[in-house]
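Let me begin by presenting the structure, written as structure tokens, before commenting on it.
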């Protein structure tokens, strides 16, 4: 599938320490790594008529700038801000500035962990939130998000 | 697909006022009703090799008892406890008693609404949570949940 | 006065333990019972050109469903949710769904009692609140509510 | 009706900025001014066998002193402390000192506004509270209050 | 022992999910079921000159109504409100209305569990509270309660 | 004793509703009025070589201005801010501006009353506080305050 | 019954001011004194095949040391820490160190008293808690505790 | 410059104790007094094509009334509510009623002082806030405010 | 003056670290020691027709027991619980048990110090509180307390 | 004006997402971009005898390091930390370390937005704060700040 | 090494239940007892030119008095207040009175335990705190403390 | 000592602004700089049979990545996260991912500073914490940490 043919452009953003996915704390996060997520999302997106760009960084500023670049270039942002979920107003502000629909994903169920993980600076500005469904959560976000884009287009 | 052939039994439980879905406050909840959710879930489940039982009630006690009946009869509970999300320890206790994996679904993004909607008595005992993705959220929960059951079986 | 002639249809909803009114704790709630309230409201309503339907239940789910039935059938809901005032998001959601103007009534002055009675899940979605004026509060709610309906109609 | 014939003496006290009523923020407070309230209350009171004295001030100290003067001269105080509802312990103390039954009135529904408007220094020492029913609330307070005085007298 | 001969009438009320007792989560609640509790209480009561009526429901409204029926028919209520301990003002109000001495029982030690289980809407209106002593707690409540009734009668 | 001979000039300031002292709520405040306090303080001051000026007002602004006038004219302020204790930053600021030692007096024990009476905007900028010792508290404040002035002078 | 024959050794520990029991505040604590409690417990224990050692102190340190001495010498501690319930981490730590099952007893219903009495440093490390059942509470604790020891032994 | 020629009318309101400015606590507030502020503002305003009216009071009620008089007579209010910043809902309500743009000024940096000075009843209804820049803050508010009026006019 | 002749018996209780008074932290507590307080109180008491017993301890348990011994032997307790002010429910309970009027004294102004020093377990059960007036506070408490006893006797 | 001639060196620091200024969310932030701010500040500074260095970054660490470099090289820092206002202790610590006077600027009125925007880690260590006056706020900060430097120099 | 030769005198104070160290809860506290700590500290101190006095008590009052005795006799206090860390203002006050540098030691990491163990009445008046490094923490405190004394002496 | 011979590999991580150590705010942090810490640690480590790697950054993301690189390469992390202590969940997550024992060091006593410095995102996942002992704290952490590694190895 060529890039031009894709009906939707999706940006998948992963925050700090997700580069270690599948290598550590597999009891919490499972055994599949970031590569699996990114390639599975690409595949699934292709089936759904979308193209996917992926970005991971441990630096808040780099995440802010990647989100800024999505302005006018992206139809949907799927973001797992990881630790920055709970501490970054800068990422929130970047998402607000870009004005693209956002779906927030968390691999583990953040409600079962430390109390500070229950607060997100992203949830109340996102379209939706998926948590606790493992790396599958990205695929579900992709499906759910694209169906919403399709439905909005139909109206 | 016949009912006997289903590999997984799923119970979909909907709480108070969801019987009005599609008829009121369509700005928040969308235009598709409970019937759409239930028939769509049945269809999708059939494709995934699962059978679905559906239950809706406005009565906390009836919801508790329906959950109790799932003990030993169900492999997955998908629940949208609606208003009881925020007030019912009894439903939490029933889910704890039954010991079946649970996925919590909310049609609207509860993080964008009144502050009291941010606390759920179910989230920290659920496998996962999907919020804000509209009625599609049930289908995503079904997919995500069944994939987890399949994966667990494979191990 | 015949029912057809009534210009306004009013639903009066009473919550748990109000069936005991006039029989217990008369120091707090006075000596007039639910029957007095309901028949007085009917009489007064007739004088004001309205008809009244009354409902009392100790079951949250039944209250939810009676409110749901008011959709499109009622011009004004006068509700004393009693204990559910402080605990029921389901009744709040039903009132929100029905979209009919609501006046909340409390027989006793809830501000003089236990601190948890100071929070109501209904007040911020009601037109107005009357508390502490005894069973007369229902009649005042009726008068105030109908005058508002009349005034709105005149505009 | 002559003043001597009145069975009950009622004092109606209005707090700061209510002198602007009907001239500003009519979306919240309606279009009828303080004069309408005062003359309507006088009329309604006459029908109920009561006489009414009215007082408005923007000065906390003047409100305190007018309430003090009611000692032994008044059977009922109807007060809308407006902004001082939330900040004046001095008005509370004057009402406590005078020992006359008090009904608190608010024109708008204070539960729908800023959170600090939910706390009142008067509510827990008042007989009752009426909020959100517009300027009609004063008339309802008058009726409700006088019926209580009549009822107490009958016992 | 015949029912007429009983000096005291005791009502034992059990809240939601206690019908599952002995079948699930036996690590927390033990292996003896509701039947054991009820028959043991009947036996013990007979020895102490009392008769026992038992009631279990998962419905808040049914619990409220069963408590209401105890008015004038019961000398002591032993109640384990289970999940409703933490959420039901309606049950509190019913107990207040009935005016019968109450002993609150919890099978598990609620102080060792989730923080929200530490607050009870019943404790501050009960005579006493027994928690964490397993199903034996009901028998101890029965003994303690009846001794208090005997002692009060002697005075 | 002539005014010139007085070694110390003391200002006694009383806040709102203290003009009613001895006439209302004598169970809390006792039966001696403001006149008794003022004349007793004058007498006691004369014995201690001090002269006393007294001021009472129900107006926050007047209290602020009377305190301002004490600048450079007064050696000690004894103040019972009454209700303004808990709400007036303006009086606090006036006392800070004047820079004269302050003793705060409360007739009743504010720790036994409503929780909001436990916070004072004056206590942490006063030399000392006397509460609950009735109208005698003013005399004790006078004695204690003058002894401190004498002691400071001796050094 | 001789000491050697006792199957279980129970230590009953009473905290500060309980030496005054039966002499003061009998409205809250009843008229039976510490001696009654101790001798009744000894008697009841003998019937249940247990021996009882009793200790009361007003000194936190002495209570800590008496609990320490129970290490390996006691099968059950029944403790009414009285005022230290709410303030002593040292007693909590001693109980944790000793590792013997604990039942906490309060004569009055601490839930009906000052809010600070609702927090206990012992409850969440005790087996169970009995409150509000008067001095009988010790006997119920004894019975309940010994039955648990018997039951554990049988397994 | 004549009054008619001024393009903009500005009201400068100063709250309690600011009449002492420059005479006391010069470490916090500096050595320039209220007169300096008022004459400097008049001068600067003239340069910017505006006329200035100044008002200071220690009385909350007088401040409320002066603000009310600005209705329809003023294009900009610059207010330093001083102590009333933290306690006056009445001033907030007057500003809301008048509907004129407001700039809030504080001479000292309120964030460096007592915690209660961090909350303002004016900030969230003002256009902007300037704090800690000394008496110069008034001039900056004047410049900033007038530039905004000019800019709005140009559009 | 002989002990028999004393009309009133006063107990002065001082808590932990007050044995160091006058030797350390004289900037906060002044230079006069415990001996000065005790002998001054004895002298002043003799002048007022009272006798004084003094007690200081660093041990909570000893303070509890000394207070217990005052039962029936003392007409007034003046107590400076020092550090135990903020932590000892046991001393509160002893004072409650003894039922003698209490005046609480603090040498320094506890409102100017660490926030935890603002809460006292004694203030709300004391007749009155004197803080910040140095060691003179004891003498003022003595005078104030004895005058109250005299006044009560006269009634 | 040449750089050597400048009497004061000012550093203007802008935090994350301010590089987008004027391009997005113009309803909140206005239509003028970062370039306008920087060039306007340079011009105005030149008029006031100062030179300006400007720095913007989305990276917390870069902001920290740019502030560090100001040590000994700068007379005034004007900073709009944007999102880092609310989350960055590191920037606070850098400002503390550098010891240069700071003026904090916010373009929008942070008091009108989400509650978390009301807390700033910079305000209590800044000289002053300007909020809500749009991009003009930078110029006002420049004027106010330089006048303060001039005034300090004159002393 | 003789006692006279020691350059520094160190007092090591251990609070309640530390006499049990090494005998109970070895999972948390390790297997080395109080004797090991005391003798190791003596040895290490000798190497560092210091002498050590050790004291353990379960009594708050005894700990207070032992600290008091250190006044002028000790150069450094190393204290593990154990349970009294969280509850004893009296020990805090004794340490403040003595004015000797203090190092606080905790054997276990108090941040990993119950939330109430996170607050210490000693930390903010200590020079430093060492927690979670086991009984070695005492030796590290000794080294760190003596090096500080040596360094201060050198200056 | 050659690198190969080292028995333990220690990583010393320093957070933002610690590159300025010894140059600014020497009253709080002392006069020795980061170089002193790093070279002293290297020396001391060599004596203890360990080798040390040092890293400082002002960038949260760089700190996260340096910690990630320690996975499998390091036996002990000594970290002073400085400002990030209080704000970085990302560093916490990196430390959790790496699974190496951690000792947290703070040069100043964070308990004596602003309240927000009392919370650490690292303390509850660290082995231990050393605060307030100056730059010596690093050496003590090194000693303490290596002794623990030695002890663990011996078992």
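Order as written gives the chain letters A, B, C, D, E, F, G, H, I, J, K and L; numbering starts at 1 within each chain.
FYI, a contact is a pair of C-beta atoms (placed from the backbone, for glycine too) under 8 Å apart; a residue touches a chain by one contact, two chains touch by 3 or more.
Since the structure is predicted, the reported quantities are computational estimates derived from the model, not experimental observations.
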item	value
Each chain counted as touching subunit C and subunit H at once	D
Pair from A-B, A-L or B-C with over half of its contact pairs in common with H-J	A-B
A-B or A-L - the one linked by more C-beta pairs in contact	A-B
Interface sides of subunit H and subunit J: same vs different residues, half threshold	same
Rounded Å distance between subunit B and subunit K, as computed from the means of their C-alpha atoms	56
Centroid distance [mean C-alpha coordinates] between subunit I and subunit B, Å	65
Centre-of-Cα separation between subunit E and subunit A, whole angstrom	51
Contacts with 2+ other chains: residues of subunit E	59-62, 87
Chain pairs that touch, as defined at the top of this document	A-B, A-J, A-L, B-C, B-E, C-D, C-E, D-F, D-H, E-G, F-H, F-I, G-I, G-K, H-J, I-K, J-L, K-L
Residues of subunit H touching subunit F in the complex	15-17, 19-20, 23-25, 57-62, 82-87, 116-117
Residues of subunit G defined as touching subunit K within the complex	59-62, 64-65, 68, 71, 87-90, 92-94, 96-99, 121
Subunit F residues within the subunit I interface of the complex	103, 109, 111-112, 120, 123-124, 126-134, 136-137, 140, 143-145, 147-148
